[in-house]
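Below: one structure, written as structure tokens.
The letters A, B, C, D and E name the chains in turn, as written, and every chain counts its residues from 1.
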Amino acid sequence: MKSLFRGSFAAALLAAAVPGVAGAQTATVKIGQIEAQTGPNAIYGYMSSQGVPIAVDEINKAGGFKVGDTTYKLELMALDTRGDPKEATIQLKKLLEQDKVKFVFGPFLSNVFVTVFPYAKQFNGKFLMMGGGTRIHEFVGQPGNEFVIRTWNWDAGPKGFGEKMVDYLVKTANPKKVAMLFQNDSGGKILGDIYEPIFKARGIETMTEYFEPGTKDFSPVLAKIAGFKPDYLFPGYSDAALYDIVRQSVEGNYSKKFFLVRGSTGPGLKNKDGLEDYIVYVPKDFEEAEKKEPKVKHFIDAYKAFYKRDFPYDQAPLCSSSCYDHVYMLVEAMKKAGTVDDVEKIRKTLLSMTYQGMWKISFDERSEQIFNFDIVHLRKGGTKEVVHVEP
Amino acid sequence: MKALWFLIPLYLLPLVVKSDTMLTVLIFTFLLSILAVGFNIVFGGAGQLTMFHAAAFGIGSYATFLSMLHFGLPFWLGYLVAVVVVVLVSIVIGWICFKFRLKEFYFAVVTMAFAELCRLIALNWTSVTNGTLGMLVLEKPTLWLPRSGIVKIEQTAAWYFLTLVSLTVVLAFSALLMRSWIGRNFSAIRLNEDLAQTLGIDTFRYKLLAFTISNVIASFAGALYGFYTGFIEPSYLSVTQSLDAIAMVLLGGVSTILGPVVGSMVLTSLPHLIELPAELRVAVYGMILILVILLMPRGIVGLAAGLLKRRAHAS
Amino acid sequence: MLELSAISAHYGKNQVLRSIDLKVGAGEVVALIGANAAGKSTTMRLIAGLKRATSGSITLDGTEIGGLSTPKRVSLGIALVPEGRQVFAQSTVLENLTMGAYHRADRNHIQPDIDAMFAMFPRLGERRNQRAGSMSGGEQQMVAIARGLMAKPKCLLLDEPTLGLAPVIVDEISATVMKLARDGMTILLAEQNAAMALEVASRAYVLAAGAISAQGTPEQLKASPVVAQLYFGAETTDA
Amino acid sequence: MLLKVENLTKRFGGLVAVSDVSFGIERGEIIGIFGPNGSGKTTLLNLLAGLLPPSTGRVVWKGENIAGARPNVIASRGVIKTFQNPQLFSELSVFEHVMIASFLAFTRIKDHSRLSSFLAPGKGEAVLRARAEKALTLCRLQGASEKSAAELSYGEEKMLGVAMAMMCEPELLLLDEPASGLGNDEIHNLENVLRDLRAHGTTLCIIDHKVAFLAKFADQAIALQQGCKIAQGRPNDVLADPAVVKAYLGRSHHA
Amino acid sequence: MTQVVVGQILNGIILGSLYGIIALGVTMTFGITGIVNFALGQFMMIGAYATWYFTDLAMFPFPVAVALAVVISAVAGLVADQALFRFTRNNLVNGLLVSIGLISVTESVALLLFTTTPKNMDTVIAGSWTLGAITLPRMKVVAFLMLAAVIGLTWLGLSRAWLGRATRAYAQNPEAAMLMGVPTKLLQTGVVVYSCAIAGFGGALYACLFSLEPTLGGLFILKGVESAILAGVGNLLGALAGGVILGVTESVGSLYLPSAFRDAYGLVFLVAILLFRPAGLFGGQK
């Protein structure tokens, strides 16, 4: 059980009632995390909440980190929102007001972010929120919203990975028609809104369909899409749906060429004999990177040791690994800024530096993360071609 | 009405507890209590197992906000619009269900189907509800108070008192209702519909009334909830939300005045008082539910009332 | 064969049977007569195990069966033809009869037994594939009796077999009971219809307000005022 | 004539439960309907109370045909039916049960608006409570008023059913087997209650299979067999009717 | 376009058989124990994960894995019955809430064991059959045949065999069945366990077709209940028919109308049926 809910509520109440007790500890930096670790929308949140404890554990076991003359250890408070905005609101309050946490990772879910946003905004300048949720894009980089930075690079724009992905697609396959099939939730709707113009700008005709969350049988909607005769199918966005979409599309002979910007190589590898083309954005092709990059190998070993189970190569391990990186990145920013509690200074340092971990991470002017990624191109039979992209 | 004394400590609580988090937990507890009180009127009162209350909850928040957005109404007037909508919807659905004499399981399933349809409409009628993206609610309710004039409900403490007063009003209403002729007619229907009819009660009309009142109360909870969280999304109308309220009422004690509040305390507040890893919290929720249902068939309040009565008899 | 001693039973706080003693010897037809709600059905249900006694014992051939479950008692040889017939309404006559032999291990003998039933109740044979629920009350009663006999019971319990039936049918039922008696079947018959019961029984008990108020041969009882009182008289006493 | 039943017939599928039954009830009268189980008594009562629509025939109440009207409408005209096996709430007291039945009495309180009673029970409530006390006294339950329904004996439960019906101030009370399952003391009690009810001016229609019980105070008796009326008249005449004797004791009595 | 529609009708029938197997369990359990076992979907989940575990991780042959999965779901069903459902017989609301509690507990256990990461079992039967423009994956056809066979055999068993006779008798008249010597408590437990076992079997085939998540049960139980009601509770073959109708409605519906409304088509249909034929499509008059 690595998600720690330290200090029961009652104890916290006591601490709040007796001033001084709560602030008595020294040389500890608290970091909070609010993610959906369980519940129907827990895929990303669950993985994120796996990455952070590994890094925290490593740093603490190594004796902590030094800022100025003091050595600090990290204390992680990871709370499970279950994807319920009500829970998230309570938990964020607990983190900010009772535990006086200054750094919060999460959330990945847009509805959770949107709900806690007005409250969190009251703490602008007093804490830093690092979340991956798509809708954070609407709020980030605006005056008054300095508290939030987005830990995922944006799809659109010259540095957006979406543009780069589509460019790659045009370059290698030059499609005329692309069909998009997204989950009917905020993430899916936003993807539709982003990619329609990107394709249009390149003269590619599009068709967009949405499916109910939890759909398992896609053949009706795939049949409908097949009527549009797309060159590529662009399905999104979580593995749970992708496995089913890719398999059913290949088996049902609807479309055998896929283009994905969220997800993993798993669905492609699983159906490698039936498909013709499978172009996917992955933050990192872990199988290849493990051999070449010591940091990646170290992370994979640490993951196996920490959770005592295999590393899920074919899944989307992005969140666990990137959140692992984020902890180190934050520590580096603290060291550089020479403080652990001047949030503004740390934020500025963070935004101006480039962190070189498993990823090369920097931020754009809107406080949105930019990192390098891989395009994995699978062809029939499973031949794999990896293109490294640095925006 | 004696049950309302139970709420007095809650009014005094903010004097002792300064924790914003604790108050927030209680605000949500109160809001969900209101929803549960609504369900208790139709199920605990008239014995009709509805699954529509979450839909009414959602319609309440959507309709209030949309009428504020489009007609520029203040919160309370906006809520009145929502009441009209909910009453109309309830009458139509209730009319269909009761005219066709749907009972028990069948009534539950048909109301659940209607609730799902409402949720799907909220989800896909994007031009009005903003679909799956939900709606950000930055407006806050206002209240006219003596001395201070018009006050915006913004701070946690203000919300605490607004929701607590709302709960008190709703509870008082439900207590009044239950001991009035209407409540007695509901009881007669719950006891035996044939008997109720031979006692001169138009059961169709009173079942419809119970269904409508319950939905209006649920919509009140929904309106406040939406404005408190500042975000309205289609999952407000989900079956899970309905089931949660049902669990609260059965846990606390069906057909009792305080049951829904106690149930909501147990299911909403308690998880925040216990230190548990994420995966186990879900399991513990399930265990509490199972144990209470199996060991206290009349719920916590029912059990307590039984014990008190027995003690009174013994002495 | 079947013996009830000092049996009492309650529904909630209400005592419905007050220390009943009752004996049915092998090959006997014993009637239990009494007005509605006198406790006849409760006694029958107690013997079949559908209800538990508060105190007292029930023995079958000397073995205590009071603690056994209904299916156990059925396999020991007790078959109850319940009040109101309770046929399997959606099933055919044939299926009802087959169901009667449910607990039997000797599957090869079931078919001959069914044929024997159809010989005994020719009307059922004609309608073997008709749904039992669609038949008249008298026919349903015959289905229920035949179904009970299919269990090959040691002791057959008949609970109000003439209830709500036309007089002609009542005659038919009592003829059936008498035929069974001639064949040596042990029968305990609970009846409101005293005349019918006293005609077929070799011995009878009169049950009133949960207690045995009289017992004896039909001749003795017909002469006694107790029976007439049951229906026409002023008082039902515990005398 | 308070109530006139004309050629009432009820069929369930092929089964004729009530077959062409006609009779009348005068105000203040006690009429007993008896017959063996399954003879259609309860169905007949349900037809009168509106719980079942008749297949054919008329039920004329004070000159107006009420056959097929909804039960609550019939009840509001003054025809109230009790149930053979009253279902009760174990968590409510006897008094609360009677108050559940107070709706018709409530609607009859003049100069008293429903809304005001909702907010301040006050006067109307006092009237109802007094009436409930009266109904309980009438049914000899005044001592059990605060008992929970779970503590009642079966006889008391049935009396509570009658008290609830009396709370509706019926002009005609339809009693469904009030004596079945009662002990001797309870039957005595019931008889006294029924006499009180008559003294109170209520017209009674009682169904029962115990002839003796009815014979004691019914003004008129009707015997049913197989859904048909086989005899009608003064109780003792009906009891002596050969058809009735046959229906009860089989082919012949003392033969 | 006709071929597309025909293809989707076939697909709907196949998908409907999965709804049907749950509907069969719902119908049987409700008929015999008076509770709606909303946790049946969880037993499907248990069966699905067990199948995945035994084929992909423990490397057992597929039929062995399916058999083990069915056994595990049945045992889980037995435990649930003895610990929980035994106490809620004939109590609809308590049964419902206990099922919800059980859903939370099983989902939690699945999370602990398997995490939220979707699992995807290795293909058991690859490839498709093509008939003109209609392509049907072989695994889907096989799954349909197996599910239809189970439902058909259950129906046959219940109309012919000894145990089935007892079940039918019990459903018609519990007390009379007891008087025939039917061990009713055993029967009730047996039906709960059997319905869990076939749900587990449905889960095993589900695992061959779709990816697995701990929450998969929730979707199917709703569809199962809908199908059971659609057909008329208590009707065994109707359970399959109800599932198929629901599956076809959804498949064909989302072909012409927005697929985001997919769940609504079945619901509208259900409400309409219940209003005009309260006993369900194939239910007798009651």
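One rule holds for everything that comes next: a residue touches a chain if its C-beta (ideal position, glycine included) is under 8 Å from a C-beta of that chain, and two chains touch if they have at least 3 such contacts.
Just so you know, these numbers come straight off a predicted model, no measurement behind them.
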{"item": "Those chains which touch subunit E and also touch subunit A", "value": "B"}
{"item": "Intersection of the contact lists for subunit B and subunit E", "value": "A"}
{"item": "Chain whose average C-alpha position is farthest from subunit B's own", "value": "C"}
{"item": "Whole-Å gap separating subunit D and subunit E, where each centre is the average of the chain's CA atoms", "value": "49"}
{"item": "Centroid distance [mean C-alpha coordinates] between subunit D and subunit A, Å", "value": "73"}
{"item": "Between subunit A and subunit B, centroid-to-centroid distance (C-alpha), Å", "value": "36"}
{"item": "Chain centre separation (subunit B, subunit C; CA means) in Å", "value": "54"}
{"item": "Per-residue overlap in subunit C, given as positions that touch at least 2 other chains", "value": "none"}
{"item": "Per-residue multi-chain contacts in subunit E, two or more chains", "value": "107-108, 111, 258, 260, 263"}
{"item": "Listing of all chain pairs that touch each other, if any do", "value": "A-B, A-E, B-D, B-E, C-D, C-E"}
{"item": "Residue numbers on subunit A that touch subunit E, as the complex places them", "value": "37-40, 42-43, 46-47, 184, 209-212, 214-217, 219-221, 223-224, 226-227, 239-240, 243-244, 247-248, 251-253, 266-267, 270, 273, 312, 315"}
{"item": "Residue numbers on subunit B that touch subunit A, as the complex places them", "value": "17-22, 24-25, 28, 123-124, 131-134, 136, 138, 229-231, 233, 235, 272-282"}
{"item": "Subunit A to subunit B touching residues, read off their complex", "value": "1, 3, 5-10, 12-13, 16-17, 37-38, 49, 78-80, 82, 85-86, 89-90, 93-94, 97-98, 110-111, 114-115, 117-118, 135, 184-186, 188-190"}
{"item": "List of subunit C residues in touch with subunit E within their complex", "value": "48, 50, 69-71, 74-75, 79-80, 82, 86-91, 95, 98-100, 102-103, 147, 151"}
{"item": "Contacting residues of subunit E [partner subunit A, same complex]", "value": "1, 4, 7-8, 11-12, 15, 107-108, 111, 115-118, 120, 123, 126-128, 130, 135-137, 139, 209-211, 213, 215-216, 218-219, 250-255, 258-260, 262-263"}
